[in-house]
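Pasting the structures in now, so scroll down.
Next, two complexes with chain A in common: one pairs it with chain B, the other with chain C.
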Partner chain A sequence: MTVENILKDILCDILDIDLSDIEPETYLIRDLDAESIDLLELAVNINQQFNTSVNEDDLFLRKLRFYLEEAEERGIEKNSYLKNKYPFLPNDRIMEILDDIEKGPVLKMKDLIHYVTRQN
Partner chain B sequence: MTTRRVAITGTGSITPIGSTDDHIISFLKAGQPCFETFVSHSDTVVCPVKNFDLIQYTGKFKHRRYLNRGASLSVAAAMMAVKDAHIDNGLLDNAGLFTGAGPNLDMGNEFPEIINHQVNWEAIQALWILKFLPNTAASTIAQLTGIHGECTTVGTACAASLQAIGDAFRKIKDGYLDIALAGGGDSRLSSGAMMAYKKARSIYVGSDHPNQVCRPFDQNRKGFVSGEGAAFFILEDYEHAKKRGAEIKAEILGFGASMDGYRMTDPHPDGLYAQRAVVQAINDAKIHPDDIDLISSHGTGTQLNDKMEAELIHRLFNRRHQPFVIALKSWIGHLSAACGAVELSVCMACIKHDYIPEIRNLNDPCHMSVNFVVSPKSCRFNTVLLENFGFGGQNCAIIFRG
Partner chain C sequence: MGLCLAQRMIEIGIYPMLTWRTETGFQRIQNRLEVCFKERFDTLLIDFSIPETLKTLSEKTANTLDYTVDFVQDNYESLIAGACDETVHDYFLHHVAFRAALLKKISRSMLARKKGRMIYVSSTAAIRQNPGQGFYAAAKQASETLYRNIGLELGDRGVTTVSLRPGYVDAGRGKAYFHLNKNEILKNKLLDVKHITDTILFLLSDSAEGFNASELVMDRGMTAGK
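Showing the complex of A and B:
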């Protein structure tokens, strides 16, 4: 099983949805209505399934807005600041996030895949 | 101010003998209950609900995973009751919710491995706690039905669901609410619960034929048998129900409750406080004891309850007109916190079908002057007293009319 398939199975179980509801581009919060307890369950399950110990703040991009403010205060370029904070995210994804951030929570399925793939 | 009347305008039940009035009655008439030897304790007997799947009642929703079996049964029955009452969500916004619930005793399945007091916490869900909080069923029901009014979860052991219904009845009668969803669900068919009951010496233990071991009011009764299930009801101010054109399925006339304050598990042998609850219900209903056609007894099949209850019935109803006395636990087992609600729903089915089921396995009655129903009867009856007496000395009684 690929990382993507395992993560899909976990999400289907936690959110009681079908496999076809989840693609790499699916937003967890905007599309799937995941709430804080669902993310808690997700972290617990990822830890179990991949025998790892995730940093939930990183995995769920929780401090994203805080980092952006921090970058602005310090006069650092946002793109490289985020790249430094989220080394598991590819450059194009960081550009995408910066474009998208005004529209709501940005967390996507593919962010989880990137995180877990890099950890493994 | 005129006293408000309280109608039942919707019912939903999941019982070991079926989920609709027709199923329940045909099951009672067939006379073959489905008690069976419990898989993990072969010297105990249980009465399970077969083929239950919550998703059939709710569709997919992500919080199913946090419901223990009793809570799942509750949620399903609550959804049925709302559907049955043909009530729209706008009306439920102000409705109250009163739920009887019991503890989750499924130690074998719900607990992670514990070795030398070291718990394997990795193996459990992040919100594992929800499977043990008593109001998880209520929280889920509210999310699914859109109920936002007063909500109480009642944890008074085997009196819980009847007390939840009684509380809802009073809140409507006294004008605090126009509509309430009330009832309860429970399941103790787990290795942990059986162990606990065996240790407490309250459950039947032996190897007789499963359908013959639950024998309320029989001299040879040897303890109760565990069942599982749930029932919920939409209770509604009578005029409110009339105005919206709802079908009035029954009317609750009176409620009474009391506490023995005596022992942890034994009922008070003189039944003084159980009697207080029953008398309170009769007075609340403003009826005469002669008006009661039938008593649906708590009738557990334990030595202590049945002796106390038979004597109580004899004291209060020892007159020319003696109400019929039935014991539904001989058909469905003891549903613990859910027993009162499910017994109410079975009684309503019986009233509708003019049918009074016999007390099963009652060959040698423990009291000679009580009108125990020993063979089935087809006859009209209307006014019912329903009694439940729980562990800890919890007593309650409801009077209703079909």
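Showing the complex of A and C:
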């Protein structure tokens, strides 16, 4: 089973949704209404299913806005600052996040896939 | 009290894992349970004052826990204005911060299985303390709050909590206090260990599943009036 399929199964179980509701481009919070308790359960399940430790701040991009403010305060280019903080995210995804951030929580299914794939 | 509870658990088919922090404590467990209940219980070194001992609770072991019953609390009596700063700091570090780390570990494994019941054995001192019990009571209240929030946060996912607040118990510190003070009023309020262990077993049972994220006072009405 691929990382993507395992993650989809976990999310379907937690959020009580169909597999067809989740694609790599799906937003966890904006589209699926995932709440903090859902994300906690997701982290716990990732931890168990993949037998890997999970940094929930990184996995769920929790400090994203804080990092952006920090980059601005320090006069550092945001793209490279985020790349340093989230090495599991590809460059094009970081660009996408920067374009998208004003519209709401940016966390997507594909971010989880990137994180878990890198951890393994 | 913990040993009595463990014995009752074994008798009804539960496999308890008892924690210990000194060789004396470990020997006490062995002496009480090893002969009659060999291989029907296990032990684990967990010392709230040594953070590293949290690692002895492996994920594999944590994943087997269906229930936890938490009795841990050192006594620390001091007037607030007369306390040693360092002792106070360590006391809260051990009893609140370490407990939070332990509860995090256990509750996550219970959450993964969507099943778990946690009982915290608190004290009526958490709400009505005597002079000198300020730190003890504050640590108890803080611990109750941790348990209450776990029940609040994870209750819908199958992990529930209850804190039990016994009054004076005819064992341990309660027994020592009673015999020191010889208070005839208190004499009628004393609970024996079996009262407590029976209540804990009830709280662990399916019949008690409606109790969650709450504190139950068990003191024969002692703290209800003036």
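Here, the second predicted complex is superposed on the first by the 120 of 120 C-alpha atoms of A that agree within 3 Å, B and C clash if a C-alpha of one lies under 4 Å from a C-alpha of the other, contacts with A are read in each partner's own complex, and residues count from 1 in each chain.
Just so we're on the same page, contacts are C-beta pairs under 8 Å (C-beta built on N, C-alpha and C of every residue); 3 or more make two chains touch, one makes a residue touch a chain.
All figures in this text were calculated on a predicted structure; none of them were measured in a lab.
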| item | value |
| --- | --- |
| Combined model on chain A: chain C and chain B, fit or clash | clash |
| Contacts of A:Leu68 with chain B and chain C, given as first, second, both or neither | neither |
| Contacts of A:Ile76 with chain B and chain C, given as first, second, both or neither | neither |
| Partner chain in contact with A:Val44 - chain B first, chain C second, else both or neither | both |
| Which superposed partner A:Ile29 touches (first chain B, second chain C, both, neither) | neither |
| Touched partner set for A:Ile6, first chain B, second chain C, both or neither | neither |
| Most chain A residues touched (candidates chain B, chain C) | B |
| Chain B and chain C footprints on chain A, overlapping residues | 37, 40-41, 44, 47-48 |
| Parts of chain B lying in touch with chain A, wherever the complex brings them together | 60-62, 64-65, 122-123, 125-127 |
| Residue ranges of chain A touching chain B (in the complex, touch as defined) | 13-17, 37-38, 40-41, 43-44, 47-48 |
| Residue ranges of chain C in contact with chain A within the complex | 63, 108-109, 111-112, 153-154, 156-157 |
| Contact set on chain A toward chain C in their complex | 37, 40-41, 44-45, 47-48 |
